[in-house]
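Structures incoming, each one as structure tokens.
One chain, chain A, appears in both complexes that follow, with chain B as partner in the first and chain C in the second.
Moving on, here comes the complex of A and B:
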């Protein structure tokens, strides 16, 4: 497969105006909904964080598929593999740190009145 | 299996290497290499998000101001719109590139650049406003984590904008050479990845910060 004209390369040819527009609309809509839910205190903190995480996750999946073109095609499968293998690193780095500190705070800061407030429920 | 190989192989005449010159797919290799770089850059954000996670309890703000008292969600949503439209403009730049439309690529880059500058101006204005109110990173661990995370993202935006300026010059000077196209593709990954990071910053720093 030779690419004498760089514009014929699959990385260039994969561009899709419709996909980009769709991503813009979906992620803007999801961020707008998240904003309204928080601004109106629509739910209890725990349920609210659940819905917000869902909105963020959906927006990111749409962006990764339509903007970054992560799929199983021949041109992009290794990008997708690299991403899939990196996601556990994110989850371990953030999740384990969060878990360590939340148990630390539980053991060492039980007397702090603020721990029993609304923010305590968020975590 | 053993019968077919023992029949075909004659050790004195076997060729162990390929003499022909193959074209290397430079654009694919560069794009993949840059994507690996973006993923390691994302680990910086993982560390900063972990720090924010453990420093966003209400006691992390040392009885000082929390994001609930100073984050204006409408203002941050304006930033979201500026960045997302900038990313959209860069997407249309890529469509123009696909069609070999040089004028389209240049105007798309200008659009992405101007909207990115708008995002950065909104961010800088916000920081100046906060510092003016005496809300500075040194007040508490929570605010340190807040400022470092949001401003590390802003720093990425700044470098993306500088890169766009460079590409504007290179596209008009060298046209669509393999090098220029490769750089436009890397910048596409970089710029679109900033939108992904912003989703997390917007939801888990600004919006969740309003609950603290």
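Moving on, here comes the complex of A and C:
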């Protein structure tokens, strides 16, 4: 059986120490910023939520790009398929959760996050 | 430390102290003695027969997907037994502790288990049965069968496969350790916020639960990546998507679910970890925490998980039923679509586990409808199986019995699930034993399918069949147990009995609880019968040897290989010509052909590293549970070091030369010839009856799979 060198596979070829290090640094940075913002109550809760979502989104993009080296080439078709699959799941998981909890808050809590802040925070 | 720990802590031992060992417990202390004696006996036997080397070479360091699968199945069976003992204790306690006059023993007010102990038992029962019994059994069977069904020699990542196994084993050992060191969680298998928070559960029980779940999740995720990659990348030439065996399709869908849903569990558990170890407030009642968010995250995984366990079972039924109906599967394409339909819907129904949370009516209606939609693809499957059996030549051998039992349970479980999906009904029976009976019907359906699959594929893996009479005895005893326990349980659910009662206040429930004990007695007998089955079958194995096609009417690729399957699976990678390849070959008389020449085979080398990683993972989990920080740091550092060291090892495979392959193939061939005293009915197309067409039947026994083709020494007829 002819045996090709696994290091020549396109999936392996995209590996890059610089990319990994960069991902690690940027992700750590984004996480640190988020942590600081939350720990110091740096903004009103709604603004905080937006900024955190933005950080999370950035982190995802950084990881897709630098860590997984996603592109649309034929060699990475399965990565693309996997990414496309996660989009509806993402929408379902986050969207339905947001929906169920917004109706829950309407019915059980006086204050909505958009009004004054997550219940306990204003104590 | 960032959190207030109750009780002592020392840098050397963390929270561990002698007082944490329950040597005074009247149940655990004798149990420990028994376990210790058994352990010593096993070690002594291994040494006496000089089997350590064999164990190390052939099992502990193996990367062969079949052996790894078998070890998964052994872990699953052992944990199934442990979980059964928990179930037996739960049932006994409830039958004993009915009404204020019920006697109390061993420190309990009623019955023989204190509420605290009882809580640990039902929590351990659930965790073990779902994550450490059902899941490893299914993963094990997928591990054994999928690579052979796609015509591959091993998994895509044999080394990763072994790592997944040993991490799962570490989780199993950790949950067993909780028996004898410290205690286990009492907040149910799914965890209840905020009871699992440190102030309300100050002991190590919740930590054990959390890390056991976390390790099991890690093992399953690694395994799912591997099976997905195997199916996508390792299919034999000619195996197009629409020729994929149906069990492989089911495995594909299952592992997509696993890969996408397990992260939700990992996150939920990690956030509990932050709360308990770092003092954050994700799931606390106040201070910005949101306890329902835990329930949401958990079931975001939890519901897909129930389909993760049921889809492989569906796949097994889809393999077994055609074989014993002597017909091809009815509606292959719809079966595949239904599998993916179920997988797809499974992501959008999780709120039905907490309908009573108080979300708005639109939300509840949405999830109710989504839940009921699952019935459509499930119905498609059931009708496909029914049409497969319709006008087939049914043979009621043990695997078929298990499959039919499984179908009945699926019906009961599915219909009660539909009832639970009505919010109006759900508000009445939520948290009653009706729910327990529902999901036990479902999970037992899976257990039936597993037993069917084990009996069905046993001869493929070991080269001889399990004893029919004993197998049927196990089936009927087990079924008597199922009926005896769960029919009364449904009834009690309607009578309003809530789940997890350590004390049963209503004396009118006594009778039904006693009937359940009868069911438990039957289950216990079935455990004994199962041991008898193994003993008798292994003792008489010489009489029940089989060749390739153990059941005579099988149809998929794995039956083209010799039984037992050689470690390299296929001497020459087969070319796949049809959906039911083996049926196709039988039909075209291609069963007795052997390749005209052999080529060198490249195989992965054994390695002890996965086992070392498993041991270190256990130490890490144990250290985290007991907050022994030096142990955590050390084992984590070692894990990272070992992984790095291994990654520099370029020499991970070896070559079996072609003439060696040929020699081994000949040996298999001779053994197969010696085995065929049994009447074999490998018949064209897999559609013809048993016993017809003697000539092709005789041909079916010899030869080896292969694409390059030449004639064997001659027909045996």
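Just so we're on the same page, the second predicted complex is superposed on the first by the 97 of 123 C-alpha atoms of A that agree within 3 Å, B and C clash if a C-alpha of one lies under 4 Å from a C-alpha of the other, contacts with A are read in each partner's own complex, and residues count from 1 in each chain.
In this section, contacts are C-beta pairs under 8 Å (C-beta built on N, C-alpha and C of every residue); 3 or more make two chains touch, one makes a residue touch a chain.
Everything numeric in this text was worked out from a predicted model, so none of it was measured.
By the touch criterion stated above, A:101 is placed in contact with chain B and with chain C alike. After overlaying the two complexes on the shared chain, residue contacts for A:46 are found with neither chain B nor chain C. In the superposed model, A:79 lies in contact with chain B only, and not with chain C.
Contacts of A:24 after superposition on the shared chain: chain B is touched, whereas chain C is not. In the superposed pair of complexes, A:59 makes contact with chain B only, with no contact to chain C.
Of the two partner chains placed by the overlay, only chain B lies in contact with A:12; chain C stays clear of it.
One of chain B and chain C touches more residues of chain A, and that partner is B.
Overlap of the chain B and chain C contact sets on chain A: residues 1, 3, 78, 86, 89, 93, 97, 100-101, 118-120, 123.
Chain contact summary for the complex, chain A toward chain B: residues 1-3, 6-7, 9-13, 15-17, 19-21, 23-24, 27-28, 31-32, 34-35, 38-39, 45, 48-49, 52-53, 55-56, 59-60, 63-64, 67-68, 75, 78-79, 82-83, 86, 89-90, 93-94, 97-98, 100-102, 105, 109, 112, 114-115, 117-120, 122-123. Across the complex, chain B meets chain A through its residues 23, 25, 27-28, 31-32, 35-36, 39, 42-43, 46-47, 49-51, 53-54, 56-59, 73-74, 76-77, 80-81, 84-85, 87-88, 91-92, 94-95, 97-98, 100, 176-178, 181-182, 185, 189, 192-193, 195-196, 199-200, 202-204, 207-208, 210-212.
Across the complex, chain C is touched by residues 1, 3, 78, 85-86, 89, 92-93, 96-97, 99-101, 103-104, 106-108, 118-121, 123 of chain A. Across the complex, chain A is touched by residues 232, 256, 260, 264, 281, 286-290, 292-293, 296, 300, 347-348, 351, 357-360, 362-363, 366, 599-602 of chain C.
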